[in-house]
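Two complexes, one shared chain (chain A), two partners (chain B, chain C).
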Partner chain A sequence: MNYEVREEHGAVVVALEGDVDLESSPTARKVLLEAVKRKAPVFVDMSRVSYIDSSGVASLVEALQTARKAKTGFALASVSDAARRVLELARLDKVFTIHGSVLDALSQVKS
Partner chain B sequence: MADAPDTVKKVLEVTDLVTHYGPRLILKGVSMSVRDGEIMVIMGGSGSGKSTLLRHLMVLERKTSGTVRLLGEDIDKLSARELNDLRKKTGVAFQGGALFSSMTVGENIMLPLYEHTDLDPMTMEIMARMKLEVVNLAGFEHLMPSELSGGMIKRAAVARAIIMDPKVLFMDEPSAGLDPAVSSSLDDLILRLRDAMNMSIVVVTHELESAFKIADRITVLDKGEILFIGTVEELRAHPSERIQNLLNRRAEDDTIDPDEYLSRLTGDTTVGTATL
Partner chain C sequence: MNDLSLTAPALTAADGAVEVTDHLELLAVMGRDFASTLDIDATILKALEHIIRHLHAEGGAVFLLEDEGRTLHCTSCVGATDITGLKLNSDQGIVGRSVQENRGEIVRDVAKDPNFNHTVDEKTGFTTRSILCAPMSVKDERIGAIELVNKSGGDGLFSQEDLQILEVLSVSAALAILNARMAEALVEQERVRRELELAAEIQRSLLPEAPLDGFPLYGVNVPARKVSGDFYDFFVLADGRICFNLGDVSGKGMNAALLMAKTASIFRCLGKTIPEPGRLMSRVNAEVCETATRGMFVTMVGGVLDPRTGRVVLANAGHEPPLVRAADGTFTAIAAEAPPLGIAPPLDPDDTYPETELWLNDETLYIFTDGVTEGYLSDGGTLESSGLQRLLNDYSGLPVRQRLDKVVAVLNRGDNALRDDLTVLAVEDGRIWAATAATDAGPAAEEVPDRNGEELLVLEVPARADRLKLVRNAVSETATLCGCDESVARDMVIAVDEACQNVIRHAYGSTGEGSLVLEIRRGDGEIVFFLRDFANTIDVEAVRPRDLDDIRPGGLGTHFMRAVMDEVAFQPPPQGGGNLLKMTKRIA
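Right after this comes the complex of A and B.
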């Protein structure tokens, strides 16, 4: 798994790429929790995530809860159908805010 | 009745599998396969060899001859460590649940993660709670197995079996001993796992209603031999009397092989033909 963290329009965009699985999810968790600490809205760009397993989803859940405690925004963007099905299985599609794209997400920050 | 064509990706492939328990021949050259993302139900009467076949598919038994390929790997060509790594990509829900009575439900479910990963404890706990949500046992992580009903134990066993997101899930009699409503909801869960996670699921059951509801294909075993492999529709329409007897749950008293029966009762395979 690769990742990139960048700031855009006052938000933090974490772009994950590749497989987020048992091997790589500890890195994803660390990156996401560090992003949340910046006290700015965090958008996770999942457009290049080819596969995400339960450990990856658990990292997203922990980051979301940490963001809520810190009263900062946390949302997902460009979630693939396969990843969405994994989220839906545990009804997490009702917990996460999911944007169609990072641009959509950022436009809400700007407006 | 044909097995999966060669072009279809297979997660499990058994060829000419022969196995004995002591001198007794249990599987007599079984060949079958499981496709990627399909639910394969294995059926058969008592002593048909279906549970033995399942244990071979799970690589828990030593075979006499034949080959077993799991996720593309010939298990005979793997080292113990490679085989262990391969097993991590499979999950097993045993008939009785096989939960450890001294551990909470949550600890039982997290056990494979403790054994096989170095994940942060918080990640493990969230994963366990997610799986409990999936099997409709949300909030039950602090209970002991003894505090669960039979249906709940089966669900907890499924949660543990899928904690590592296996490619292949094995289920031994998931509906046995459950009332129809609980059994039906477990069937729904099996279908959701296939659809959401593209999991290949191998289910051994003698519950016809459940089999017909969940199966993409069914393998019927009888006396250690494959009687049928195909879809539910093909099974229903099959002209074989033996298969229709199975579907209609009629006893096959007239099919007893006296020599085999005598050998089975006495444990002596050298008796030969019973003559006066």
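Right after this comes the complex of A and C.
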């Protein structure tokens, strides 16, 4: 798994790429929690996530919970089919705010 | 004169005859009362009233000997002064003298008797003038005395004749009291006997049920009394190993039986979760010490047999050394390396008892109590370990059940009470049984009936997170090979990946050690995944899908597996240990 964190229009965009699995989810967890601490809305770009397992989903859930406590925004964007299937299986597709694309997400921050 | 002299006694006799008839009537009434009731206190009181009326006394009391004859206790009293409950030393007063010397006393005038105890009169204000006292005894057994005070009418003093009558009546009373006491003792004995029966029944239920033929363990327990201080037990663990024990509680009575029940229960309870005998015995010791009865202890051998391999791990807490019999008839003793349970509380909760490992390949392990080695033979000698070895060799050709019965029969001949409880447990090479049992219990790992169809893939990888991608790719490619579309392939990847994660994280505890084997087979309209590991057998009950309404990280994997696959089930533990998971995905 690779990742990239960037700031765009006052929001933090975390782009995950590749397989978020048992091996890489500790890294994903750390990156997501650090992003949430920045006190800015966080969008996770999941367009290039080729696989995510239960441990990866758990990292997303933990980041969402932390953001809610800190009252900062946390949303997913451009979720790949592979990741969407897993979120559906976990019935978390309704729990997370999911934007069609990062651009859509950012436009909502601006407005 | 002659007439007179003849007449005089005749007259006296005739005078007395009227009286004696009355006395006989009184005796008959008393006898009837005594015979018709076991409420001895009420009957004595009634008899006392009869006697007082009959002998024209102002009052009277019945004293019974208590405290092994040291105390005279007034249990019934009639008259002006109630002294019921009064206790005297058994040599105190006129009543004391009468009892000690076992003869009637008449004190026509107490003022002239130095033994008279004035304290009661001083306390009550009653004036005692004359006392009549007769001991109650049957043969040599002294029971107490009846005492009457103050004759009413006349000179107020008792006569020698009064004493004779009282002596006769007191014998009748003594017999009645003795009868009632014996009846009471019988009732009590019967009650205790019934309770012992119940206790013995409970105790028998603590022993394991007789196993089926061929089971590698068999035990015999013959209590010397109703209840036993010995016990043995065995039970099959979830992974197919067999936990067993044999113990001997110090002492033989009910207290030993109760400590036996407690220790056996603790062992059985803890044994199911702690399959290492050294650690298990240490924990049992800690529990027994915590509530130990002063001075009581338990010697015990606890162990675990793996019937598939014949491996036995034992811990011996101060028990008679078990014997291992080799096929050639030689014996090896396994000495105790730790003190009995219940003596020394553990210094450290993680303490373990020393373990001994042995392999039963044609060998048999015998564990027994000292009631066996110290049991009396018909010639009066004791069996000893050497005698036991000889018997076990003599009967080595018999099946274990008959063999142990023969050994026990040598000691339990029925001609003599057993000196001590007899308990023997035999642990045999269980490999044949294990092989048969595995077939009976369902498919063994190596030849599963439904492992038919076509083998698509067998992949063994180290159980490590960084090998999961390899597994996923293999599953994905295999699914594609079978013509599954992308979404089905993806689902199967998810399920297998999560199953592998469970093995890595839970079965192996994320140690990075061990390996897992994935086997994929294609059957009629289905793809079957077998995932095998070599870790300790896990508690299948604990593997449950999470509650999806409870949104928390973790615990999702099992849910994914069940959501994606058509069937997910752990198979019986495969030979050689570990876990075997079977997942089935039906395909069009």
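We take it that the second predicted complex is superposed on the first by the 111 of 111 C-alpha atoms of A that agree within 3 Å, B and C clash if a C-alpha of one lies under 4 Å from a C-alpha of the other, contacts with A are read in each partner's own complex, and residues count from 1 in each chain.
We take it that a contact is a pair of C-beta atoms (placed from the backbone, for glycine too) under 8 Å apart; a residue touches a chain by one contact, two chains touch by 3 or more.
Only a predicted model underlies this, so the values are computations on that prediction, with no experimental measurement involved.
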Three-chain arrangement built on chain A, chain B and chain C clash or fit: clash
Which superposed partner A:54 touches (first chain B, second chain C, both, neither): both
First, second, both or neither for A:27, with chain B first and chain C second: neither
Partner chain in contact with A:62 - chain B first, chain C second, else both or neither: both
Touching partner for A:90 - first (chain B), second (chain C), both, neither: both
Chain B versus chain C as contact partner of A:19, first or second or both or neither: second
Listed stretches 112-120, 328-336 or 526-534 of chain C, narrowed to the one that overlaps chain B: 526-534
Contacts on chain A seen with chain B and repeated with chain C across the two complexes: 22, 53-55, 57-59, 61-62, 82, 85-86, 89-92
Contacting residues of chain A [partner chain C, same complex]: 19, 21-23, 51, 53-55, 57-59, 61-62, 82, 85-86, 89-92, 95
Chain B to chain A touching residues, read off their complex: 117-120, 122-124, 126-127, 130-131, 133-134, 163-165, 192-193, 195-198
Chain A residues touching chain B - in the complex, by the definition given at the top: 22, 25-26, 29, 53-55, 57-59, 61-62, 82, 85-86, 88-92
In the complex, chain C residues that touch chain A: 465-466, 468-469, 472, 487, 490-491, 493-494, 497-498, 501, 504-505, 548, 551-557, 559-560, 563-564
